[in-house]
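What follows is a structure written as structure tokens; I'll ask about it next.
Per-chain residue numbering starts at 1, and chain names A, B, C, D and E are given in the order in which the chains are listed.
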């Protein structure tokens, strides 16, 4: 390998993140406790610089490192989404006491982000698997970072199920490797091209699907999600609601349509089934929830269902719609979690009823939360609607009208639980009149997300033209 | 110019209405003058119109009310002999009633509103009379209905009054549905609702008959024909001048006017005329029998009105078009007179029960005399107005070969004479029965008695216009095509005879008490049947109203339990599913892992089975 | 190595692997279980050698037996009593688990027996160690680097949550 | 495009709502006045549209078009024709009325008016939108403010009603979204532009499916039996202004959408299914009338009467004759005015009596003659009294429908008796009779209340007395619609 | 090359299944980690066997297996740390005592 031929620019964003992760980690070691406060800001700077790096790679289509790593539009967009949401999380927790030392916390987060970025660019099974582990291992740690029983339980569940899923994924990958003799996506695709669908391939596909389905919390591999969303420290839950999933979807988008293209009819159908199961399970069970974070956890499951519609469609429109929806979903879900963060920071509980009269105690938080929830329902003019619009459009275009119908009906059902929060915020009078103050960065973060949710709902072209939908 | 003054006939009362709605409350008693002035202007212009028509004018003023594509609904003013005659009658009676009301309604707290309604009622009625097409007819028809509703329910604090108003509105509305359907059928089959165009068209007799009969349903309701007459007696809850205006001269006559107006259409389907005749006859007879037993002065008059309206329908039905119209004309005067007279009496004795009155002759000379004139006209004693017209109708039945109708008509005439004079003898003669009124009873003020006198004059003379002495000038004017029959001595003699017999019988029983008071036992089933108005109200109550409410309640129940139950049920099922599936999330990580494994296995097996891979 | 010997070795290894795996899962004494795990790793290393994967076999011995097992033993000693642990968790899913797992394994086996892969008859490279080393530095440089980051992250992560808070 | 008056009219309330946030919460009167001012200016703009509208022309006027989401063939495209213009104006008027009607709201005033102004944006946009996606967005946009208006200022059972309203209509409309998408992909035109879709003439195997989704979406909104049960709850629980706008405008969105979208884009399907629609319509008519008759709650009665009245509109639409369709459009406006006024009166009365139980009321015409009188007036208009606007619409609908649906039309006519029955019954029991003993002294209509009702009264009377000028706006547009139908 | 490829796969499948049973049934969190290790080894047997039989010259399967080993090590490290935290909180590593979050 000729080192000079490596396009270092291609992994520049990753290198930046890695660099900042190390810097932040070292900062924890060498800085005074008061100076460590600035590590969050440094992290933010790092992420923003990485964003610049991603943007500079716009339009680049390259495969580097012997086919391990590829840059394309999808990867770039997903990385950008990941970086944006992570930046918003970091901004949000800037003045929040995090559960570990700042340096540890942010560096672990950056490591996880790094893994996710590699997942988005992985074009080889080995790379994908390692990147996936890099994504989740720091995430397990972050979940456990509060070190109390709740945090530890969430972490343990996440971890145990996570490694089982990883093993299943790995086993599926071994079978795929055995079938094709290669770990490279393109090579796998070439090898599979024209071959009939063998049972082993099918088993392999399904096992891979399980592994990645776990990452994106698709039913029936979703069980960790509600428990973890409820049990992990709120800043971590905020991060989990958006970031790591990007990796899962990136992997799905790269692995299935690229490497497994020849089996598309099979896995498309399977994804449709998972989509339907996820939508129904997530939405129906969420109806019975009283804890806001748990509710958002189930809602995340349901949204995975919507997102999988893009894979069930199995065409470009489907994938791009999925990416768009992923973005708007992440924003809204993250926003909702940040609102929960803002309230829990002020000692307000996490039950739906604890939101009673929030409109009075903090009008802006309430408005923001309402907008996020309406966006999650998919009511215009918020971004969630536009996301669903394109997603279901792609389903209809591929004659999956039934799936679109299931999807839209589920959106309607989902209002049933989102509204319980809205109802508490606006229709019920507060038990305490105390004004909920929010730290400035967190407030800024929430407002930025709110603006984005409204803006993307009103003028989605801004984003669509970026992803060339 | 013509258009202006014709439209003013309608517009002036409308203007009065608008003014009174806004200022009536503030102006109080003075409101009357606005309304009266307006109606007098209308009357004057109507008379001018009549004179113009007598001078040969026959015109139509039209303007488009609504147009869709090339379908135009026009509104307009149709002036011909029939409408001119009606205009004058309506305006005249209305004017007199309004003047009378100054006295009668004196001190009422909703005085302005009363006159506003009277104005608008008059306007609606005039608009109806003018109608050159059925839409306008229908519009005015309903307008008349609603203002009669408001006027009957004028004393709406009284439960009975508001009930009566509701009943009047509802019952006439039921009839109107027939009218509405007729309208639709006309539009569908002819593409127009203009009368002259319709009358010039050719219709299949069956269709024409269907339409005519449906249209006649409207008349049945409005003109209180059997079986929809039940509202009119109750409507006596309204102030008496209202009864005089609405239930004598104008609104109830609208049905007759409708049939008269649509006569060419009815003639295209002759069956419909038979139907009209039969309904008219039944109504005339039945109402007359009920009137025999009624003891409320206004109720007696109400039933007599129904009966007389039946006569008019009978006349129209048997082909005596002119006679029917003529009776409409004469009846307007004498019945208004009788009602106003009754009003005067009620005003004086504060009671409507005839057996609480008596001996009023001495105290209320003008009222008594004019009332007796009215009674004679109603009973059909020559030369009073009613005689000439009624006789013509019976004659028409006779000559057209409707023998049964003829004899029933004669019998009804007998009853009419009897109940009329029963009323007169009981109320005006004999001893005052309720002494506590005695001392205060006195003649009504001039504003009340003068209208009585004027109407008395007309009741006396109006019939002469259509009498053979002037060669049936009225009939010739109204219906050039339907000249009156030549005088038939047999028929005329018979009708005079029955009138006199009836009066004598009444005198024997109530004037002198020669006849025992228990000629007919009150327990006699026939008496009971009649006294209970043939149980028509009960019939409607049990057959229509109760079932309607029951159905409504059932449907509501169905709506809440079944339809809304399904809606809520779906929501509940979804929620139940949710809480059921929630149980899968046991909290035990190994359960989760097992579920994942099971999911994996199921996916594999499913795809082996259904994706055709082996 | 003749064929029969190969067979014997394979069956021997297989039997030992399966038995030790069963032992791991069924032993009530955690220390014994750990020992069996170590033994299993060695057996698996035997498979690797049988498959001409010298380096992988060596790594198996070093990493697992020398690394993972030791870490696991630390874990055992830190967290709980080693002997007489309760076997089956309270969840009533024993029968169903056996059924499901057996079904799944049977399914896998039936797939494996039916599969018809084009087996290459080429011989494996003899010196995998240098080849692997070269590949790590060339084609696999990126995963290798990411792997090191992963190890770093895991290490830090393990430390930050395992350490006792001294501040309080 | 040089003078984007429609856009300005649609979005002015949004600007107003934003500006409203700068007025301190405590200055309730200033907030009210400002909101009133905004709606009045908007109404003024609307009137200038009305005067600028060229009569007798078919097709859209004041068309404004701009690129929006070009990749998906979605554009910002608004315009008005003779069908949408009256509804557009009605919305503007009723918004002013609603602002006046909610003057008495004391709590959370600023939120209330902000939501009301947002609601106006959605309603106006729905009627003006000529792009499917834009239409859908406005259509849904209405839900959010309405949810809050019912939910915050509603009656006892407001939460249930608000959620039911939202969920039910949402469930209907999301299906419609699938229909819209199917239409888009099967039309092959690659556009969501309604005008283009209308002109292109749509044929597809999936047309029936699309029709059904549209039908469900719109039928819920109208609402047609059996999708109506959200309505009584929502109407009854909503505050007065909410009820006025719900009944006055929101229901019209459904019928309007039937004419604008189903009839014009799926003419073949519509004609095929017209008898079914008519059957649903007639069931709504009869059913609504019966349920209204059985009501003890004045507001519920008015609510159920809406089901019945909207059935007439649907019958007129299903008939697809020029007369019936004209009648249907006119009747939409009429129903908006009349039922709006009925709800207004019921609301005002409730503010005084604190009960809507017909059995507990009585003699209100004595206690509060002006309000009582106006209620009677509205009730009479509602039962189709000639000379008032309800009659004209119903007459045209019935005249026009008979040719298409004989038996149905006869039933519709017969139901008029029931309509009178329940309204007259309400009149009699609530307005007439002696006042109940528990009643204290009530103040009669204040100037503000009178002014809020006055435009409605004038319009109801004006349309009833002389409908020709109003039909002048509607007729050419209806003709265009029918040409599409005939062309298919 | 006398042993058919499928035999290795079968052994791997059986080991995988035994590991799975351990994960699903054992009560002790540490034992579950053991069981996961069994499964990882099963996967690695696959990788190496495939590498030998399918692509003997390119040793990508072996490379993969090496990476898996490293990953297994890091997973064990993190996993044990988490188990340790649990132990500190509830003085037990019984998996069925970990049940705060449910439904």
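What we mean here is this: contacts are C-beta pairs under 8 Å (C-beta built on N, C-alpha and C of every residue); 3 or more make two chains touch, one makes a residue touch a chain.
Note that the coordinates shown come from a computational prediction; the quantities given were computed from them, not determined experimentally.
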item	value
Graph distance between subunit C and subunit D, where chains that touch are linked	2
Chain nearest the overall Cα centroid	D
Most distant chain from subunit D by Cα centroid	C
Result of counting contacting C-beta pairs for B-D and C-E, higher pair	C-E
Furthest chain, CA centroid comparison against subunit B	C
Subunit B and subunit E, separation of their C-alpha mean positions in angstrom	96
Inter-centroid spacing, subunit C versus subunit A (mean Cα positions, whole Å)	31
Rounded Å distance, subunit A centre to subunit E centre (Cα mean)	26
Distance between chain centroids, defined by C-alpha means - subunit D, subunit E (Å)	65
Subunit E: positions in contact with at least two other chains	9, 16, 19-20, 23-25, 29, 49, 51, 54-55, 63, 67, 71, 74-75, 78, 81-83, 85, 95-96, 98-103
Of all residues in subunit D, the ones touching two or more other chains	167
Residue list for subunit A, restricted to those that touch at least two other chains	126, 130, 133, 137, 140-141, 144, 147, 155-157, 160, 164, 178, 198-199, 203, 226-227, 288, 416
Chains that touch, pairwise	A-B, A-C, A-D, A-E, B-C, B-D, B-E, C-E
Subunit B-facing residues of subunit D, complex	164, 167-168, 225-226, 228-230, 287, 290-291, 293-295, 322-323, 326, 363, 365-366, 369, 380, 385-387, 391-392, 395-396, 398-399, 402-403, 409-410, 413-414, 416-418, 420-421, 424-425, 427-428, 431-434, 466-468, 471, 475, 478-479
Subunit B-touching residues of subunit C, taken from the complex the two chains share	89, 91, 93, 96-97, 100-101, 103-104, 107
Interfacial residue positions of subunit E with respect to subunit C in the complex	1-3, 5-11, 13-22, 24-31, 33-35, 37-38, 41, 44-45, 48-49, 51-57, 59, 62-63, 65-67, 69-78, 80-85, 87, 92-96
Residues of subunit B touching subunit D in the complex	25, 64-69, 71, 135, 138-143, 146, 149, 153, 156-157, 159, 161-163, 165-166, 169-170, 173-174, 177, 180-181, 183-185, 187-188, 548-549, 551-553, 555-556, 559, 563-564, 567, 571
Residue ranges of subunit A touching subunit D (in the complex, touch as defined)	359, 374, 377-381, 385, 389-390, 392-393, 396-397, 401, 404-405, 408-409, 411-412, 415-416, 419, 423, 426-427, 459-461, 464-465, 469
